[in-house]
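Down below is the structure, laid out as structure tokens.
Chain lettering (A, B, C and D) follows the sequence in which the chains are written, and residue indices restart at 1 in each chain.
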Amino acid sequence: MADEVAILGVGMHPWGKWGRNFVEYGVAAARAAMRDAGVEWRDVQFVAGGETIRNGYPGFVAGAAIASALGFNGAEVGSSYGACASGTQAINLARAQILAGFCDVALVVGADTTPKGFFAPTGGGDRQQDPDWLRFRLLGATNPVYFGLYARRRMALFGDTEQDFAMVKVKNSQCGAQNPNARYPKAFSLDEVLSSPMVSDPLRLLQICATSDGGAALLLTSLDYARRHTSNPVVIAGASTRTPRYPNTHLEMPDFASDSASKVAAPDPGFRDSIAQRAYEQAGLGPGDMDLAEVYDLSSALELDWVEAIGLAKPGEAAGLLRAGDTGIGGRIPVNPSGGLGAFGEAIPAQAIAQVCELVWQIRGQAAGRQVEGARVGVTANLGLFGHGSSVVVRAH
Amino acid sequence: MADEVAILGVGMHPWGKWGRNFVEYGVAAARAAMRDAGVEWRDVQFVAGGETIRNGYPGFVAGAAIASALGFNGAEVGSSYGACASGTQAINLARAQILAGFCDVALVVGADTTPKGFFAPTGGGDRQQDPDWLRFRLLGATNPVYFGLYARRRMALFGDTEQDFAMVKVKNSQCGAQNPNARYPKAFSLDEVLSSPMVSDPLRLLQICATSDGGAALLLTSLDYARRHTSNPVVIAGASTRTPRYPNTHLEMPDFASDSASKVAAPDPGFRDSIAQRAYEQAGLGPGDMDLAEVYDLSSALELDWVEAIGLAKPGEAAGLLRAGDTGIGGRIPVNPSGGLGAFGEAIPAQAIAQVCELVWQIRGQAAGRQVEGARVGVTANLGLFGHGSSVVVRAH
Amino acid sequence: MSKTRTLAAPGWFTDQPQPTLLGARCKACHALFFPPNQSFCRNPECASTEFEEWPLSRNGRLWSYTTNNYAPPAPFVAPSEPFEPFAVAAVELEAEKMVVLGQVPRATKLEALEVGMKMELVVDTLFSDEENEYLIWKWSPVT
Amino acid sequence: MSKTRTLAAPGWFTDQPQPTLLGARCKACHALFFPPNQSFCRNPECASTEFEEWPLSRNGRLWSYTTNNYAPPAPFVAPSEPFEPFAVAAVELEAEKMVVLGQVPRATKLEALEVGMKMELVVDTLFSDEENEYLIWKWSPVT
């Protein structure tokens, strides 16, 4: 079992399409986390920023850009990038600084300002060497194409239905409607979801996550420091930033093909199943110990893949949990009580941090309208392009 | 005093203008570091990459891009950016993962492929909000302009001469000529330096560092792991990724102005003087304990600023050390025995790592032709745009 | 004037003598890769950087499929205006134990696709400009 | 036809009634900033986001200077061809306790500059295009 750090404060800037500088969202989220912790900026010794690659130089040095906007205080700093796993990389950086004894108080911040519409490759020009450019050029393989492939595969293999996928959205939108930080504060009906325009068969517009502006932050401290501020801190018990083992037989976005398993046997467990496993190992806990989970619902159907990958259901059984109401509020193991990415949209460097914020609010009993009763321990899961696994186990101390 | 990690292996890809993919240099450097350590890739549990922002998406996820090229082995991963301090951020990430007990063996890699000529702002278009764009547009303030301003300031304040600055280049080029990884294997004469074309008065072409392709890597391990491989490991005793305290009264590249000290008094020590101080504190050592140093000679004159900032001389006294031969091989405190950036050129994510490689070779007595006799402990210093301090203290265990 | 038939991804596939994807095989460990432009063998037990061209199976089973009902953003170029939805297939190759993506020819109706069915590689138009007809591999149901 | 005189950095300086740099002053803690486009007060003890325009001293002491003997890369635009070297000055403002960069007018010889000398703000041509003469602040020795 690994040592733990306390999450003394959490904060967000509401997610939406605000069109302002990402630093504004990051500063607002950071100040909210510090207020929540009762810690002053002058006492922060380390700033870990999740980078954004769509906001020029300040985005690449997000940690320093946000520290500068807060007013440089001499803290140490780091900026981390791993696509959608950037937030967990920043958490992992800050957590280890504390556990290694280099500091007691660290701020983790991620914020983004996003363009409209589909994510397209960054930069211009004819980039025949860039797989992220070529997948658009040669295949028209947008992100929803991958989501559609995964969804149709579930239908063929497990008998999941379009209605199952729509029910994920309905479930999560009921939570999102109760979350003041969510972008879409609307509870959709099954009919509304199933009558929205088809984007990538079998997935419709309301089942595919948007791109958002937003920010999220954590104020992490050593356990000793936390105990001087609160009698019942919430802690990070495990975190994973794992890469795949070759061959990765899962077709990963944005690749043209899976790895071949013809010469080297596929590893067991596979990549997705291995991600949370690492966080569980550090925590000395397993999927059966979880009270709730926040997972990567880039599409409604993808939530079901993740429910299985983090061990809450056997392969093929996630839709059964959904139909039984097990993954809803009041169910056995609520999933995405925040409303998930379906209700928030993607703000890339913020989303893995936002997942942890939700677990903290739930464990503290502060998630009014979407509260998971008796929540004591939860897990997040997430994945970034090019092999960036991301998972965090959070629990009451 | 902080806990220490071992540098069990170091490696580089030679620096030059090779025009190949940065991943090639990173893989070559990583393999060299693993060979040097006697550690297999399958045993590496964490990969920390220094990012390059000039090589598309693979550059942003340098840690994963290099791990993928080595063949994904399920290791955890991180990618760090802090301009020229990126390498120290990656070191700081990997070091803390080991000290926090998350892994025993971590690889740190930085590599870059650079464009020709002056560094210009990345990306195109009319970017009226980007200070790095505006400094070129409104002032023509290239990097050498800042170097020239710092150099002229030394001449006015301390009486340094153009000959002093040229002597730095002569000294370092003698070392570079003995370094098989350096880009410029030539020992220049004072006359050659002083007759090269003036670029930014008082600095000439041969006194300003070029942009290079290159790579550098470290294989870091826990002390326990290292002791099973070697009886005398070299260790990281301290590392600093410090930001300034407001107001930073030093005119920093790429700013239009220093901070104003009219309402808040300037901190003491100032930013540059505070950077190595943090690494010394962790190491429980001071400047007087150092046997050698690798510092940030973007220009010949800038080496003198850094000799003072890391405490090897009082303000204004670095040129005196130089004239006395104290900072040359055989002197009291050799500075840039690798040849420095003057002999290597800048490969941004690699350079802070390369500084540490040199200290390791020196401490092991493997720096043939440029060996600092009896080297036991050394310090590096470096600085990245937007407030990224960087310093590492390395010593024989 | 007839347009020049130009491969949109030279080296990744051929239409001579028949439509075939061209993988890369590591000369040392024989691991297969697609696309073929590999600099390093990605088998972690192998440090080779040498590859040979290796034709992949022309037939496989439909692993999954989906559609683009809206035009993807640039650098995608639609072959015709107004945009017509099209399907994308992921096909599992038995010998290679890998799944490879490709567009489905516009003539194939979505209803004709079923996971597990036999698919074969064809070469078809990606898009055209004034001088060139750009060709790409696609996956078509075996009829 | 005469060209339109256009400020190259609107809001950063004025030439009316006399050449002046325009800083931003935090309304809460009165900390000064240049350039003025600040979103956040960078005094770590202050969380203000409100600023007022604050003219900076028009005179200062030359902190240091240097030259561009070669043309900087784009987005720099040279005012004339062939490129003529020019000096860049860093000037320390006593009241503001800050150092501000600026070009030195082309007419000033390098030999005329000396660290510590009095400098004053002037407004001069940055470059021109067909319609506009773009203006920028520069630092000139007090004569």
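The working rule: a contact is a pair of C-beta atoms (placed from the backbone, for glycine too) under 8 Å apart; a residue touches a chain by one contact, two chains touch by 3 or more.
Since the model is a prediction, treat every value here as computed from it, not as a measurement.
Enquirer: Taking contacts as defined above, which has more of them, A-C or B-C?
Expert: Result of the comparison of A-C and B-C: A-C.
Enquirer: What's the chain with its C-alpha centre farthest out from subunit A?
Expert: D
Enquirer: Averaging over Cα atoms per chain, report the distance between subunit A and subunit B in Å.
Expert: Chain centroid spacing, subunit A to subunit B, equals 34 Å.
Enquirer: In angstrom, rounded to a whole number, how far apart do the mean CA points of subunit A and subunit C lie?
Expert: Comparing mean C-alpha positions, subunit C is 32 Å from subunit A.
Enquirer: Whole-Å distance, subunit A centre to subunit D centre, using C-alpha means?
Expert: 45
Enquirer: Any chance you could list the residues of subunit A touching two or more other chains?
Expert: 68, 71-73, 121, 127, 245-246
Enquirer: Two-or-more-chain contact residues of subunit C, please, as numbers and ranges.
Expert: 42-45
Enquirer: Within the complex, which stretch of subunit A touches subunit C?
Expert: Contact set of subunit A toward subunit C: 117-118, 120-121, 126-127, 129, 131, 133-134, 136-142, 144-145, 147-153, 155-157, 197-203, 245-247, 249, 251, 256-264, 266.
Enquirer: Looking at the complex, which residues from subunit C come into contact with subunit A?
Expert: 8-9, 23, 29-35, 37, 42-45, 63-70, 72-77, 86-88, 90, 95-103, 110, 114-116, 126, 136
Enquirer: Mind listing the subunit D positions that touch subunit A in their complex?
Expert: 39-47
Enquirer: Quick one: which bits of subunit B touch subunit A in the complex? Just the residue numbers, please.
Expert: Touching subunit A: residues 2-3, 47, 51, 53, 56-58, 60-61, 63-65, 67-68, 71-83, 89, 92-93, 95-97, 99-102, 121-124, 127, 130, 132, 240-246, 248, 267, 274, 278, 282, 384-388 of subunit B.
Enquirer: Which residues, counting only subunit B, touch subunit C once they are in their complex?
Expert: Residues in contact with subunit C: 21, 23-24, 27, 31, 41-42, 68-73.
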